[in-house]
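Below, each structure is written out as structure tokens.
Consider the two complexes below, in which chain A is the common component and chain B and chain C are the respective partners.
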Partner chain A sequence: MPHIEINDKPVEVPGNINLIKAAEFAGVSIPHFCGHPALSVAGSCRMCQVEVEQRGRKSLVIGCSTTVADGMKIFTDTEPVKKQRRLVLELLLQNHPLDCPICDDAGECSLQNYYMDYGLHDSRMELEDKHHKHKNIDLGPTIVHDAERCVLCSRCVRFLREITGTGELGIFGQGMTSELSGLPGKPLDNPYAGCVVDLCPVGALTDKDFRFKRRVWYLKKVPSICQECSRGCNIEIHYEMQRDYKAPGKRIQRLKPRYHEKVNEWWMCDRGRYSYHNVDAPNRLVVAQLRKSNGHGPPDIKLVIQEVAQAIKKTKEKHGTKSIAVLGNARSSNEDMYLLQRLFSKHLGVHNLDVTLKSEPTSEEDDILRKADATPNRRGAFEIGVQSSKGRLSGDEIVRHALSGDIRVLIVVRHDLSRALSEEQLRKLGSLDYLFYLGEHVGTMTDISHGAIPMAMWAEREGTYTNFQGRVQRTTPAFPPLGQALPEWEIWKMLAGEMGLTIKAKMPKDVFTDLTRNVAAFKELTWEDLVPSGKMLAWVPEPPHRKVQTSTPLE
Partner chain B sequence: MERYLSKHFATPDMRRLSVASKHGAYEMLERALKMEPGEVVELVKASGLRGHGGAGFSAGLKWSFVPKDTFPRYVTVNADESEPGTFKDRLILERDPHLLLEGALICAWAVQAETIYIYIRGEYFYPTKVMDAAIEEARQKGYIGERILGSDFSCQVYTHPGAGMYICGEETGLIESLEGKKGQPRFKPPYYPAAIGLWQAPTIVNNVETLAAVPWVMRLGPEKFASLGTPKSGGTCLASLSGSVKNPGVYEIPMGFPLDELIYELGGGPPNGGKVKAVIPGGSSSPILTAEEAKGIKLDFESVADAGSMLGSAAIIVVDESVSIPQMLYWVLRFYAHESCGQCTQCREGTGWMLRLCKRLLDGKGKMRDIDDLDEIADAPDGTTICAFGPAVSWPTKSYLKKFRHEFEALVKE
Partner chain C sequence: MIDKKVVRVRLSWWQKTYYPEVARGLWITASHFFVNFARHWMRHVFRMKSVTPGAVTIQYPEEKRPVSPRWRGRHRLMLRPDGSPRCVACMMCESACPDECIYITPAETPDGRVEKYPAVFDIDLLRCCFCGLCVEACPEDAIRMDSFDLDLASYARKDFYLDREFLLRNSELTTHAQYDGELEGRPVSRLNLLKDTHPTTPSG
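Now for the complex of A and B:
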């Protein structure tokens, strides 16, 4: 471990790191544009220049490519350093349009922030002398480029060459006329295209999905977990509800990846990135439905739950537990599944439980992040035991038995059976003794069910999810559920109450604590330990760190 | 003066192998192939041969940087000759291509490379044609190809037309271009292509003139060759003399030759009775010397450096009283602003800004502050960028401003 001095402050840092990282250990930040820990060194922005004293001689070096060495003295606030920073900023800004008031990146722009910290110069460039470049270039279905704002750091170019291996962008031209651009007939539309916006230190690359929506300083942020596949990428929900007039009903403004060394590093896929739209979709199920309702407004959720309880009791007495089934969902949290398992499996003796249907949507799998399994918690379902096992009906068998009349009460959680069944089959399902639906959106399932209960969506509730690695990760609610919607676990808790099983838990945390005591795989986990980076299930070792980068850089 | 490199520039049809053979072409290759590769390296080291591309790095030392046991290796001939004021390599390519081929093959043997690439400036259509024909002839005679002259040594030679950028003359920019990428200098470290170069393999990049001198090192012997020049720079050099002289052209002079003699005796001095105002001794990227400073200096790397400039590629541009220094700076800056590869901020944005400041002064719209700004911005790329292009534009600009400030001030009308 090298001992170094940063601005005369001694600090011990790990070996083999660059000066930018090393300075962080001393609480000093070194400004930079092109440097990024995931990408190869470009060394071209020249913003991270610092002075290094070795053997009594001070010299300017770039922090991104210089590795710490024992005894190194680093200075980040000397006159030569300040002069270089001022100069680089002045040069980067000389042809810049200075359009911060209409730039989406204003507020999170490195150029803007560094100018306030290190620049504060007046422009010496005559307006008519400014060099103009292309604006509003459509790079692909999701990304727009403004070449005048670009600082040519080449982060996006290197990302597309080194991480995705697709190489859609390049820097063309030479000297002052250099410009980032796409290639003719090759749009930027790979599954990770959105990441270039995260990488862009300025407002050159903007996301069509976020452009002109909100000033970033109004955004509130909570850490969460992506729900779109079994990787469980760490993300941040950026939401804002005060300026509702801009897009009525839209609470989430965007999702951003959150660094996790062993899950998703700095990235997330576009499927996950744009998945939030269904949270504020106009077809959200926000009120309970009951087919035999008298028609004076929506029924109370409690009424529907009582109806479910009655149905189960009656059917159990008349036809036994084998005629009752629950189709749970691998998108549910560990707490949801745990209460489902306790109520049906343990308390009622109903063993027709599964979370899987063959017709479920899947994702495309690749070597970077995406997994084929498009649910965030199938591993949890397996560990908790709500997945069918040998000798028990599978999800698809449950549906078949329901169609043949062997199953008389069917509770479906989130699944859209219209994906697998014909209209006639759906009609048949609708004429089952009892079909209940717990869901988030209005659709075929709410149409054919005897009763439907609105559920809170992932961004509206707390919960833990177990990803494919066996890592239990926790989400934070950004805002309360819409309308009458309730988190799934609360619905099971209410139903349990009706069925004579008292569940004392008041919060998801209480359910989770109970879960850790009763499900071996979750032993020794605590609710608090799960943030910020999750914990592995008992006896599941941490996976070795594998750099996400898998594609070989283009020749 | 005895001529070596340029000895056969006037020999008719010297580019034909039949003629060149009569004058001893490939004799030295034959001799080198009988020596151990290490011996050849030592011999070149002892001769004091230094690179004629601009930096003046010892050729033999460069060859000895090749790491042991790393194969394949490459030799790359830098024939990108793009420094304004330099036009010597072209003559070798056109008039004595077999001399270059022989030198390159000896180098390949010395570093055990089996492939030679000759990266020729894109605009040099004719020299490329001559070179290709020479390679073909040499191949047929067995000087290139499998088991050269019955030895175990095999070597292929290819020409590669440059993609038209000044910066492709920088050795790592050249390598990138040769690999088919955009010609941009590589980030250092690694510092030496001799260790990690073309396709990440050890690569010797040498200037045309440097390699063309190698057969002469062999023929004369290292002691004799070294004695032609100064103790620190052996041999002769091809000086490209241009600007305000009666007889511009390429002159072969021993290292350490007096500048005055070159300008006045060989070059005939300024035409029309003009008076020398300044001299640029090493191509457009070297600082300018006033007539005063240039007086009495000798043309070798150390003497020119002592006078405050650099010998570079020995492209001597003579400037007489009729020339406007600000106008000249404008052309220099226009060239550099156009040729900056655009990677580093200081160089990409700095050169463009300097050009606009200079233009404003020339247009009569300048203020006194613009001269100071120009001087300040010229500092920006000096030593703070990936390659030496930064200093190459910074140093001349600063020297023009320092030594001829009155000419710039005269342009300010306020």
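Now for the complex of A and C:
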């Protein structure tokens, strides 16, 4: 552990780190563009220059490529350092178009921030004399490039070479004319392409999906967990509802990855990044549906739940619990699954429970982030016991038994059975004694079911999810659910009330506390511990720190 | 409870007789008339310029009072010399607006020269407090409040919801001029120009 001094303040830092990281230990931030902890050192921006005194000699060095050594004295705000920073900024801004008003990155741009902190010089360059480069270059299906705004830090180039191994971009040309550009016939379309926008310290690379949607200072942010595969990447939901006139009904504006050293580092895949569109989709199920008209006007959730309760009671008396089945979903949170298990397995004695269907969509798997399992909480389903085990019907068997008439009441949570079944089979399923659907979107399932209950989507509810490693992570609701929609656990709670089981929980937190008491795997976890980085299940050891690096390039 | 003491003015016997006070009031009015009459004569007939000018009545709405160049009124959007709106939909005015009365939806320009332009630019004038912060915030000098429109009145609320086409309508009058130069002596001439095409007031 080297002992160093940063601005005359002695600190002890871990060895083998660079000066930018070391300065963070002393609470000092060193400005930098090209340096990134996940990428190799480029040393191209020269912004992180600091003065280092070693053995009585003072010299300017770049912080990103200098490793700390014992007895080093680092100065970050001396006159030579300030002068260098000003000079670097002036050079970077020499041919910069200064189009902050139309730049999507304004507000989160390093160049803008550093100019306000360290530059504040008047430009010596006349606007007409600036060297013009290409603007609005289409790099791929999701990314647009503006070469004039680029500071040539080469973060994106290094990311595509070192992390994804695809290498779609390169910096070509010399001196003032050097420019970031794609290769002919090789669009930037790898599954992690969106990360280059996060990496870009300026507004040179922008996301077509977010382009001109909102100014970044309008956005509100909540931490959440990606729902698109079992890795459970830490993300941030950026939403804005006040300026609805810009795009009516669109609440989430974008998703951004949130750093977690053992889950996703700084990255997230494009599938997850653009997965938020279904939250504000126009076909969201927002009112309860009941096929049987009862003359009381449009049904509310309570009416449908009473209908479900009656159906279960009637069928249980006549045909026994074997003719009742629930097809849960591994997209539900731990709390939802726990109440489902408690109500059906424990209270009612219904053992036809499963969360898996063979026809479920899967994700592609690679050794960066993506996992083949496209649900965020299958591990939780396994631990809580809503997944079928030996001697119990699996999800596909449940559907088969429903078609053959052995199962008379089927409750389907979020699954779209039209993926697996033919139209004739769906019609047959619709003529079941009772088919209820708990879902988020209007579609085939709402058409064929006897009753449909609208459910809150992941961004609208609080909950915990167990990823494939066994890490329990918590989401935060960004905004209230649409229309009548309720979080799944509340629906099970209401149904339990109708079935004579009182659940006292008022918040997901209460359900989770109950869960930690009754499910051994969740022992000793507390709701508060789960933010910001989650906790491992009781007997699962913490995985070692893993550096994302591809051994085989992505195709 | 707090009592407010009302001080009643006790009229004297002379005041209670009524007619002398009426005559006194009439005399005040008449004296103003004669003083103004004398001042007008002295200034305009006898050319005595040192005399204080007499009071004048402006025959509104036929005649309009000239306003100061820095007067803030209804907004207008400016055009570039090539006829495209100067606004780049940067949302600075929308962000600065304390009343949240500016509604902009940006879009990508088809020609791609300046990437962004306002596809929708609406101002709800009934919410506006005429503070002028939008004009201060604009980096492109695209929005101004110098339409010198004195009579903002209408029978319907929707007439105060100004859209982009309406806001751009009066922009051609000063499209090419720079801000400093165009202020000189403009208010009156602009009012003359506006007289025929006055859009806010309903025609009926």
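By our rule, the second predicted complex is superposed on the first by the 546 of 555 C-alpha atoms of A that agree within 3 Å, B and C clash if a C-alpha of one lies under 4 Å from a C-alpha of the other, contacts with A are read in each partner's own complex, and residues count from 1 in each chain.
Note that in this section contacts are C-beta pairs under 8 Å (C-beta built on N, C-alpha and C of every residue); 3 or more make two chains touch, one makes a residue touch a chain.
The structure displayed is predicted, hence computed values, not measured ones.
Asker: Following the overlay on chain A, give me a clash-or-fit verdict for chain B and chain C.
Answerer: fit
Asker: Let me test your reading of the model: by the given contact rule, A:V88 touches which partner, first (chain B), second (chain C), both or neither?
Answerer: Once the two structures are laid over each other on A, A:V88 reaches chain B alone.
Asker: Between chain B and chain C, whom does A:A456 touch in the aligned arrangement: first, second, both, or neither?
Answerer: neither
Asker: May I ask for the angle at the C-alpha centre of chain A between those of chain B and chain C, rounded to a multiple of 10 degrees?
Answerer: After fitting both complexes on chain A, the angle is 90 degrees.
Asker: If you stack the two complexes on chain A, which partner ends up touching A:S65: first (chain B), second (chain C), both, or neither?
Answerer: The answer is first: A:S65 touches chain B but not chain C.
Asker: Does chain B (first) or chain C (second) touch A:M125, or do both, or does neither?
Answerer: first
Asker: Looking at chain A, does chain B or chain C touch a larger number of its residues?
Answerer: Here the partner covering more residues of chain A is B.
Asker: Applying the document's definition of touch, where does A:P101 land relative to chain B and chain C: first, second, both, or neither?
Answerer: second
Asker: Could you say whether A:F212 touches chain B, chain C, both of them, or neither, answering first, second, both or neither?
Answerer: Second partner only.
Asker: What's the minimum Cα gap, in whole angstrom, linking chain B and chain C in the superposed view?
Answerer: Minimum over all C-alpha pairs of chain B and chain C: 25 Å.
Asker: Any idea which chain C residues touch chain A in the complex?
Answerer: Within the complex, chain C touches chain A at residues 88-92, 94-95, 100, 103-108, 112, 114-116, 120, 139-140.
Asker: Which positions of chain B touch chain A when the two form their complex?
Answerer: The touching residues are 165, 167, 179-182, 187, 189, 337-346, 348-353, 356, 360, 373, 377, 379-380, 383-386.
Asker: With touch defined as at the start, can you tell me which chain A residues reach chain C in the complex?
Answerer: Residues 100-102, 135-136, 211-212, 215, 217-218, 242-243, 245-247 of chain A touch chain C in their complex.
Asker: Which of the residues in chain A come into contact with chain B in the complex?
Answerer: Interface residues on the chain A side: 41-47, 49, 60, 65, 84, 87-88, 91-92, 94-95, 124-126, 129, 131, 151-152, 154, 170-171, 173-178, 555.
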